[in-house]
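Below are two complexes that have chain A in common, paired first with chain B and then with chain C.
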Partner chain A sequence: MTAAAPEPKVNMGQPVPRYDAAAKVTGRATYASDMPLDNPAFAFLVTSAIAKGRIDGFDLDDAKRVRGVIDIVTHENAPKLKESKLFSNGGYAGTTIQPLKSADIAHDGQIIAVVVAESYEAAREAANRVKVSYTATAPSATFDSPGTTTAAAKGQSAQFKEDPEVGDFAKAFDTAEVKLTASYETPTQHHNPMELFSTSCVWMGDNLVIYEGSQFVYGLKNGVAEQLGIDADKVRVVNPYVGGGFGSRGSMTPRTAIIAGIAKRLNRPIKLVPTRDQGFTITTHRAETRHEIKLGASRDGKLLALRHEGAEVSSRPDAYCVGGTKTTARLYACPNVASLVSIVRADRNTPGFMRSPPEVPYLFALESAMDELAVKLNMDPVELRRINDTTNEPIGGKPYSSRSLMACFDEAAKAFGWAQRSPQPKSMSDGEWLIGYGCAATCYPTQMAPSAARVRLQRDGRTRVEIAGHEIGTGAYTVIAQTATERLGVPLEKVAVFMGDSDLPPAPVAGGSNSTASTCSAVMMVCDQIRQRLFKAVMPDSLTDKAKETVGISQAPATQAAKSDRPLDIEKAFNALGVGVVEEYGEWKPEGAPLDSFKAMHSGQVRIVGGHAMKDQIAYAFGAEFVEVRINRFTHEIRCPRLVGAFAGGRIMNPRTARSQLMGGLIWGMSSALLEATEIDERNARYVNDNLADYLVPVNADVPGVEVIMLSEQDDHINPAGVKGLGELANVGTNAAICNAIHHATGQRIRKLPVRLENIEV
Partner chain B sequence: MPDKSSSKQSAFDRRAFMAGAAGSALVPITARAAAEEARAPVAQDPSLPVDVTLRVNGKDKRLSIDARTTVLDALRDHLKLTGSKKGCDHGQCGACTVLIDDRRVVSCLTLALAAEGQEITTIEGLATDDRLHPMQQAFVDNDAFQCGYCTPGQIMSAVACVKEGHAGSEADIREYMSGNICRCAAYPNIVAAVKQAAPEIMKG
Partner chain C sequence: MRPFSYQRATDPAVAVQALSAAAAANDALTKAAAQPLAGGTTLIDLMKLDVMRPTAIVDINPLADGWSAIDPGNDGLRLGALAKMSDVAAHEEIQRHYPVIANSLKLAASAQLRNMATLGGNVMQRTRCSYFRDVSYENCNKRNPGSGCAAMDGVNRMHAVLGASDQCIATYPGDFAQALVALDAMVEITGRSGTRNMPFSELHKAPGNTPDIETTLRPGELISAFSISGRWPRSVYLKARDRQSYEFALSSAAVALDVREGTVRDARIALGGVATVPWRAREAEAVLKGQKFDDGLAQRVADAAFADARGRRHNSFKIALGKRVVARALQQAVTMEI
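What follows is the complex of A and B.
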């Protein structure tokens, strides 16, 4: 067994290789822009050179002279599209800024024209020959820019219902023996999945097929149908493979309906492959944030008062916010908590989900502050977490369904060698390298959403699972195949999984780490429906209540057997049934899901439940992360030779795919501390490093040592699959752990990300 | 760039094309500044189709394409070999890596015309007789990918990395595989895969 396939512990599935491994290593896996099209025309976008103002006019003569140009679409001749509301307001869109609707410009890089030509080369050349005259006004770029407005998130954002609070923060903070007040900042970031934001649209009569990498095919299908004013049944979104999502493909962007509309008008398949730099402005981003944390504690380290104030930048029309105080207010035992989230409106595109949207910025603040408090208390930061560990969240007093935070700290500390740390800053070095050890907690809400599935079992054991889930790199095909294998007792190689197609039974958005819990719970349920039919054929279901009581069961034998782990004799059952194929469809919804869940599921509306919003409990996955940083005392170069994380996420469906996801998460976390930031030219409200050379993401040489430890954890209170979700757990807290390690190495506390060598003062 | 022009390009003046294409090569950077002045006039209309024969995975492929077509777009849009991926079109990410005469090359920055007469190997040409190449098998064994979009480029790069003699240590592998970005960050597994496959590839 390789390191990539860890031995399963209790409540873990088998580390089987990925279902889609062969397709992915041979180039046979087809992503959106790989789909064969019959005689396509190629589209190339023209985007705005100003962030605020109006288009006065276009000079298209030069562009039209390029051989092969078919059409140039601007707001003056664009297909008429209906508006779509923001996903959080009952719509599908990630932004309500609709390009090509008028001459108005709302943000830099907004789509202002689409050139369509016979070849990609001609479209690109003509796009560059489009001349635009603007009347520009001074834009407001970000925090502190003149012209921005700031208001509390509560009351204006459908995503943010309340600022969590409990007790009397002001009084408790006033009288606390030890106090800390500190401010933190995190930068704008862009997902930059490897696959570009391609869209191909093909009409067949009144029916539209869209090939686009999406994390939510039902949302995209319904959203585009709404914008085009056609029946959603006429739209199909296909993407069997998605080249990374990280949140960027969760909600609909304006480009899709635009391309669909042009394809309809030209009566020709259209292929759009936007450039990497266009991807920075035609989709969403992680907004920059600011925080102030106040902590009051007793001398022995007990938290008595906690206040977290956060501010986030959004666009003029949309009150997008992540509001991570819902998590930071509940992470530790503390009787007096206050919080406030504000939204700053600027002349930017609407931000959106990016891997662990609330937790990455908000836990950076809290977990940095906890380390600062430990230093003030002269206490080991792990012990400070232990003292403030809790079984119930402090705001509503609800119990955590399970919480392995300190077990994670202990396992990771042991593997890391935390005991060898000398606590004093600047006390460890190796030649010209200052060494620092740091740690932080991570957590992520356990979330679920309604999902459907169809499963077909043949007499020879061949099984077909259909679900409109999404393979964005998480291992979705693999864990769904494993679920069917486990419930039906058929060999893995006989299971075929079909996903990434909105003609299949609906699955939720692949976001909020809800996919495995939701889709596997649905597939389990439908497999059990098949088991029940088969058991009914071979087991008497006609026992009277009296007889059931005698044999000590509450349900009919077939029902009982279907839900148990009792093996199924498929051959015998098929003989008894006298059929060749058994097929079942089912719709599953998590406990606490709203009444309209199934209707919403079919119309592409998100109904995620879980986390802190559950009725009688609160459900989170936990982890602890330890890092070593090395800082060159002469050049100030920062290296991160070791990242160690221990995680508990309920049932681990496949330790191989889980480890990979957590490992990638840890590297993302390192990146959010040391590399990633989209730099804004504040005069022009424009991104200046909008490419993969200047927007720094980790490369292989950046990550020498990563160790992932998965704890065995069983939680029967969350969902039938017992899964908490891992996709967004590991990249939370890492940024704080690194800054805490930098403090240990240098004595310097850095509160603004990313940390670059010019920020180090040794 | 080695000049291996052949008689098939009789209708095409490479020098004139290069002079004219200097402007369009800047296109991705200035696309948003469309209000800028038009570029210098094109010396020879590059959109006139040019005949070219590419040798891909051991087979000659005849194409009539826009002279500005890159190897990547020729493979993807004209030869239906979509294994090589477009991740940046700037030579920054490595997703489009192919082998040209056994050298690893970012095919998005290589014009198809410039690759004529050379041996192009893509991810589709690596496996033989339904048997995975040792590097492909090593990527499977070590779970060296997640979304899979960068994987064809990583594998082509990894094969060359080994043959260049740059797979002698983990540090070497990390350094010489750093031209290929994996946003899912499967990096430690990629290093393990290259390490596993190296001896078998060196054996031949």
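What follows is the complex of A and C.
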């Protein structure tokens, strides 16, 4: 075992290497834009240079003269498309702003023309020669810009139904011995996955194949079909590998149906590869947020009152919000809680999911405030969390299905050397570097969604698993193959997994960290159907019921079923059945899933359940993160030499891929705290640093020490796989941990991200 | 990117001829129809972005045989313009006798870029101003003379506080040039009438009323070498930036000193990340020269270096930062073991 392949603890699978490792490191993994096309034409987008106004006209003469140009599509001649509603309103779209529909401009970088040419270079050159005349009006850029409107999220957002509250906050806060009121701010951020937002569309008669990196092939398939007004069965989305998503590929963007429509009209495959800067405006982003936290506590640190107000920026037409108060209102024992989420409308494109959408901004606020409270109480911040740890969430009183928060704090504190921290701010240094230690809690809801799978077992043990899941870099192929191996008792190298294709049995969106829990539960169930058939074939009738019970086709947790498993002689079973192949298809849904779950699953609609919204319990994964920051006395440069996180996520399917996920999360958390922000020119509501040279993400030298500790945790109440999902767990607490460490290093409390050297005063 | 012709120049005369032939007499060098290609790390980017639209590319890499010498002698140093940044940074004698040069190169860009980029191309790299590099912004006096400056009242955290005009506040982005300007380097220029030498400090032009004219080079002229007299073992390059590697300076200082018995006999200070051109801080040097070094003096020198600095909405912090960087670089240079 190595650092990359940690020794499995109790309730962890084997750290087998990635199923797709060799294909990826040798460049043989085919991403959407790698798919060979027969005689494609190439599309290049023209995007708006204003954020609000109208297009008066185009001068296309110069562009049309470029050799190889086939067509230039604008709102005047674009294919007519039907509207799709927002994903949260029963549709598929991440935005209801549909470009090329009229001369109106609703945000910076909106698609206003598509140039199609015989080569990418010709299309790009012609796009550069398109001249546009606009009538611009003054846009509202963000918070505090003139012309924005603000209203409570509740009542306008389908995603946000209730501001959680309990008890009497006002009274409790008023009388609390120790009080804190503080405001926090987080910036706009963009996902910037490595793979650009490419789309290729190929028509074969009335059938459309779309090659596009997507986190939800069923959603995209149904959404594009709806926009084109065709039967969804005629649309297929293919993407065996996705070059990162982080939420940006979760809902449909307008580009896909546009490209499909043009391909149909030109009767030719079309390949679109937008640029990095276009990716900033043709998809979604994490909206900027503001928070006010009020905490009231007793002298001994017991929380008595908590109020969290959040505000988020969205577009004019769409009431998108993440509303993280659903988590922050429930994280600690506190009898009096109030909250309010508001949405601020500006002339921007609609924001969307970005890794841990609610928790990243809202826990930054709460976990910073907890640290501030600990300072006020002169208390170790770890102890403040311990005092307020709880087995039941305070709003509805439901029990946490399992909660290892303090175990994570203790493990991480030990590994980090928290005991060596001298609590006084500005008390630790090393030469020209001030040193600060900080910590924060992290958590993410455990979520599941309905999923189907098909599994085929051959006599020689070769196994084929088919599921329209998504390999977004997380290790999905690997853990699904491991699941089949474990359930069917076949060697890993005999298992082939097929994903990323909407012709396969439906799987949920790869979002909300639900993939492993959902897809592995479905694959387990279908493998058990196979086992049951085989058992039936070899067991006397009288034992069939018993056999059925032992293979656990119900929702019995994996570990329990495994315990009572008996070895199965596949050869004998196949002989008895008299067949060469056994194939099973099945549809799994989590407890509490709505009645229309399976119907919705096939039509690409999300039915995620879990987190705080479960009937008799609340399910979250937890962790604790400790960081060391160093601040240069002279340059005020902020560096983060050590990040240590301990996490508990139920069953860990594969400690290797899980560690990699968590490590990536910690690094991103650091990046979010210190580097990442999309700069907005407030005069014109445009993004300025829309490239990877100016939108900074960490390089190797920024993360010399990252340590991931995975705790053994068993939770039999969440899903058959016993999995909590940890893709979005690790990048949540880091923002606060770093600001808390900066306070320890400098005595200075920074409440606005990202923290840059000019914010440090020492 | 727009179509262009491509020619490999097999000797300097061919290169000069090819670059001159396509040039109109009044062209600013940056707008010249023919552009030389060395490492390509700036030019190709700007062509893709449609910021530069040359119709002819003259690949000067075949001249590397004669133009990539790294030649440290007892009396001074000669560096060929086509030497790779990484080769110079790794050269043992450069590290020993000119640490300011080795470090300015080592702290620039990424390993991959340093392997491609040449010294001549490096000093000619163009500003990273976001508004300059995005043609959808009409207002850029550097790109479209007379159109205004979007950065002046826009997002200007990375922009210059020294050497700016009311036409342009774009920062000169490089590192190596600060070392050259500090060490009074000469630059050798090869043109139609052979080679000429001029002080490196005369190569770059502050924006003034013509921010589109960035250097004194004329179309058809190529940088062929740099030379520095003497050795500067007591020299440092200090660079403050947002991340630990692969990032432009928010503020940097190239400092070279001659200190004997605590007294500064000679001092060279140049500033990066804060100015529109590689910035020699002569007033600051004057404060330092002939004095006994202490922290108070370092502070006065730093204040002098930024006496004329002018901040705008997002970049004012660079003045205080720049002063601390200068003071710290001086302390490092004074205390370094040589």
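In this section, the second predicted complex is superposed on the first by the 738 of 762 C-alpha atoms of A that agree within 3 Å, B and C clash if a C-alpha of one lies under 4 Å from a C-alpha of the other, contacts with A are read in each partner's own complex, and residues count from 1 in each chain.
One rule holds for everything that comes next: a contact is a pair of C-beta atoms (placed from the backbone, for glycine too) under 8 Å apart; a residue touches a chain by one contact, two chains touch by 3 or more.
Computed from a predicted model, the values in this text were never measured in an experiment.
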### Task
Identify the partner contact of A:Arg756: answer first if only chain B is touched, second if only chain C is, both if each is, neither if none is.
second
### Task
Based on the superposed arrangement, let me know which partner A:Asp34 touches: chain B (first), chain C (second), both, or neither?
first
### Query
Is the number of chain A residues in contact higher for chain B or for chain C?
B
### Task
May I ask you to decide whether A:Gly147 touches chain B, chain C, both, or neither, giving the answer as first, second, both or neither?
neither
### Query
Thinking of the overlay built on chain A, is A:Gly417 touched by chain B (first), by chain C (second), by both, or by neither?
neither
### Message
After the superposition on A, what does A:Glu679 contact: first (chain B), second (chain C), both or neither?
### Response
second
### Task
Have a look at where A:Val699 lands relative to chain B and chain C in the superposition and call it first, second, both or neither.
both
### Task
Quick one: classify A:Phe634 as touching chain B (first), chain C (second), both or neither.
second
### Query
Where does A:Asp277 make contact in the superposed view: on chain B (first), on chain C (second), on both, or on neither?
both
### Message
One more residue to check, A:Gly396. First (chain B), second (chain C), both or neither?
### Response
neither
### Query
Shared contact residues on chain A for chain B and chain C?
47, 49, 121, 124-125, 128, 277, 691, 693, 698-702
### Task
Give every residue of chain C touching chain A within the complex, in rising order.
1-3, 50, 110, 128, 130-131, 133-138, 150, 153-155, 157-158, 238, 240-247, 250-251, 317, 321, 324-325, 327-328
#### Entry: Complex contact set, residues of chain A against chain C
47, 49, 121, 124-125, 128, 277, 432, 632, 634-637, 639, 674-675, 679-681, 683, 688-691, 693-694, 696, 698-702, 756-758
### Query
How about chain B: which of its residues touch chain A in the complex?
24, 27-35, 38-39, 45-48, 66, 68-69, 73, 76-77, 80-90, 92-93, 95, 122-124, 126-127, 132, 136-137, 139-152, 155, 170-171, 173-175, 177-192, 196
### Message
Which stretch or stretches of chain A touch chain B in the complex?
### Response
2-5, 17-18, 20-31, 33-34, 36, 44-49, 62, 66-68, 108-109, 113, 119-122, 124-125, 127-134, 192-196, 241-246, 273, 275-278, 471-475, 656-657, 659-661, 663-664, 667-668, 671, 691-693, 697-706
